[in-house]
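Okay, got some structures for you below.
Two complexes come next, and they have one chain in common, chain A, joined by chain B in the first and chain C in the second.
Showing the complex of A and B:
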């Protein structure tokens, strides 16, 4: 019974996505309340699911079967399987609640846009794709959700329908069509060898010979592409530049969900591997520095933040893959915990900055940051919030970014002190980038057209104040937060034996 | 027989990828993506192939030497998804065309636009 929550979340999201087009005909107010009621329902389901997985352990839902099992009555190990454990249940809850805040925000910020129903349809589909990443239990469903994710994101990139956004959408779709076909090819290798698609059956049988390694390379490449980590980061800046701000937050979550799937596959199915671990550590260090260095020379604020998102993804990979290298030791567990904790902080901090920039562009109707130079003189409250976000992303105490980065630094020190030094350097450079854009936007001589500015959108500002409160609470009580949310997730990620049985 | 199929798969994927990398025309890029998709689908369906197997439908016939139905179900989904992507790419290229009256993305580069619009990658 309880395992029905898994499918219900996805089902209601898809139902909502396709009925919004219909409901839209009854007027904007009705549509907005419809969207909010569906989100409330999904939030309740996510809370119930999380309670269930925390109290009773992982859940399995088999689509189209009375009894959840790996094999059908005839003995085929091929079924559509959805699973939720403590970690994916927590991430579902986190992403659903952040997405709800973002939808509230976009109710006000995007209000004047005409094709708003399409924005909500695509965002619901994208959210369903993200949650699908978190709960999929077999590789083919993973491929399907990857494609749902890709198509919905491409639609959202083309939302403004200007030349730039259409081109970025085309490029994005070309890149990800190839990426998803590589994922399918990797899945095909595994199917050809073992005749199974579900992750548990594969984890039981895998012998990690050459063919499995090739399959892992294909699958990992496709997922790193989605995550936007080092070798495949190129799509992120131009994509985020073209997207509406609220959709960027969803795209950030889809990157992190892809990382979660990657580590779930690596930990639970393929097991620990030194070559893979060092490769991922190398990629993570390179993502940190590539992100920060490109951000230093950028002029557009959305592109700067996109590059910083790349470097923050690097920290997540650094923590978790260093933890994989030191598996079975206390520090390894701590590093994995730090990486997962940073996943939470990354989505909170970077979304916070993006949403705040969205508000600034909304009230000033500006096209680039040169038009809004010196806006801090008129809106000291917004500049204070932005400075708060800057400190959080750069990892300054006592905010949440510091809490997770210090765990990562302390634990990876035992793998190699050089990694810690590189991580701290990346953090300092992040602070430099952010101080630069803070000075560019908020300090500086004010430009003249302040009189035409709109009023501050109260609903949108209150949603980001909620973000700020959460960030502050996590920053002040990191121990309590990790103990109650992250610990169980981290142990469910690394316990391969739990996963197989 | 099987190795011929695998060689064809590799051939199709290589053709497709080189098409995406070296072609500048939107329609040709879309065709190249379709070719990669066909290669992957061919690979998947060959996994379930059996020499002399019949269609996987349970009847009263004696022979149970069926080809595996799973890859067929999988590539059915994959074909539909490829169709969706192709349709979306085509509609985007139509929109880009009408917004600037230019299908050929190479022309744009020759006019000295920044390299960030490079559609290959």
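Showing the complex of A and C:
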């Protein structure tokens, strides 16, 4: 039974997605209860899966087979293989928990929207695509989940069905059609050479000659595109601006899941490589600076946060790829640990700010930042929460963003002090961006529309308070958090031999 | 090696700093009056501009980086042609770095 948890999570999400439209016919209350029941079930399964992988080690599940094997009974080397280790198990648990909070938030923030059932259908599909990324054990299944992820995201971008969202959705579909084609080509090169799609089988046989490197470039380009890191960051601002806020959080998780897959492939299948390591470090530094430079100049708050998301992804890549360069030292392990820790903090902090901005736009019905200036005079509690988020994203002590960034800075210093200096400069610029938008929204001259504002949505605010509590706890107890959740994940990521066996 | 930071040290530092600041505060000027010229910010003898807007806060920074920002704007046009061009360009850079070096 235990090994079935891994497939049940995906199966229930798909089942939920396809039945929501039917359940919607019985009324909004029944539909909401149905959605919450499925989420509760998936949360329980995610906890059980995590407990299983922590206590018994990696889990392998082959769809339609009693015993996991590389070949089908007919000898065909293509199977749907799902795997979970300490890191992917933890990320599944984290993403399912965050998605549940976001769905709760959406019940109130999007309740007036007539197409709420479609939002949940697409969101469930997107979540299935994200979790599929985390637990896939073969390249073809990876490609399938990449496609599910892309189609669901394109649907969510077009959710509001206005000119801007339809245009953004079309642009997204065009570039990701090319991205998935490149992923398929990369997978095709590997299959053509080795006759296998299973990641463990490939890890056993790979010789990293020119064709393998070409395959890696195709796969890495597709995954970096999904992650929205430099040089493939260009789609993020337009896309995030068009999406509903709740869907942006799912898109953030999708980006981080793509990064996880990229590093899993690099560490466990292709092995350490100096050129690749330095290339990723270069991209990470450029992601950090391109993100903050664009953000400084932007006026739309959603676009500013999108650019900061690009910048924060840069820190994750910086930590893990610098760790790859020092793989055999203790500092290398710390850098990887810092990068993975920052992955958690990134999704929490940026989501927190996006969700808070969603509440501000909900109560004010504003279309842009200028209509809500000075809102802090009327809602000091919201401005306090926003300032809290600002400090966390900018990596100020004692919040969680600082806890992970300090690990990255101190460990990459041993690779190159210049990297630490650049990282800190990026943090300072991030703070400059956030202080500017904080001052524009909360401290400016109060707008005259305050009388027409809606009441504060209590359920939505409660969900972001839960985010804040988690961020605060991680900030105050970083050692306990990393010892409990990150250490085992970092070990499972870097131990190629364990992965192969 | 232990490089995980310890927030408790920061809390103790805050308490110490607060105690020092409070000491200076209680030993300070007691004749302070609200609403007088004592509360007006000192601008190095210069008259401050009449309208101070937050969006102009980094004016000097943008002036210095004007050319760089013009270049950045050309890379972010947000239409399918440019998206495709950017993707292919990024792919070529990645290909060059990983396959040809």
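Note that in this section the second predicted complex is superposed on the first by the 496 of 501 C-alpha atoms of A that agree within 3 Å, B and C clash if a C-alpha of one lies under 4 Å from a C-alpha of the other, contacts with A are read in each partner's own complex, and residues count from 1 in each chain.
Everything that follows uses one rule, which is that a residue touches a chain if its C-beta (ideal position, glycine included) is under 8 Å from a C-beta of that chain, and two chains touch if they have at least 3 such contacts.
Model, not experiment: these values are computed from the prediction.
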item	value
First (chain B), second (chain C), both or neither touched by A:424	neither
First (chain B), second (chain C), both or neither touched by A:140	first
Partner chain in contact with A:7 - chain B first, chain C second, else both or neither	neither
First (chain B), second (chain C), both or neither touched by A:191	first
Which of chain B and chain C A:54 touches, first, second, both or neither	neither
First, second, both or neither for A:181, with chain B first and chain C second	first
First, second, both or neither for A:154, with chain B first and chain C second	first
More chain A residues in contact [chain B versus chain C]	C
Partner chain(s) touched by A:170 [first = chain B, second = chain C, both, neither]	both
Touching partner for A:286 - first (chain B), second (chain C), both, neither	neither
Chain A residues contacted in one complex by chain B, in the other by chain C	170-171, 174-175, 178, 234-235, 237-238
Parts of chain A lying in touch with chain B, wherever the complex brings them together	76, 78, 140, 143-144, 147, 150-151, 154-155, 158, 161-163, 166-167, 169-171, 173-175, 177-178, 180-181, 184-185, 188, 191-192, 195, 197, 234-235, 237-238
Interfacial residue positions of chain A with respect to chain C in the complex	170-171, 174-175, 178-179, 182, 210, 213-214, 216-217, 220-221, 224-225, 231-232, 234-235, 237-238, 275-276, 279, 282, 290, 293-294, 296-297, 299, 330-331, 334, 397-398, 402-403, 406-407, 410-411, 432, 436, 439-440, 443-444, 475-479, 482
Chain B to chain A touching residues, read off their complex	13, 17, 20, 26, 29, 33, 36-37, 40, 43-44, 47, 68, 70-71, 74, 77-78, 81-82, 84-85, 88-89, 92-93, 95-96, 99-100, 116-117, 119, 121
Chain C to chain A touching residues, read off their complex	1, 3-7, 10-11, 54-55, 57-58, 61-62, 65, 68-69, 72, 75-76, 78-80, 82-84, 86-87, 89-91, 93-95, 97-99, 101
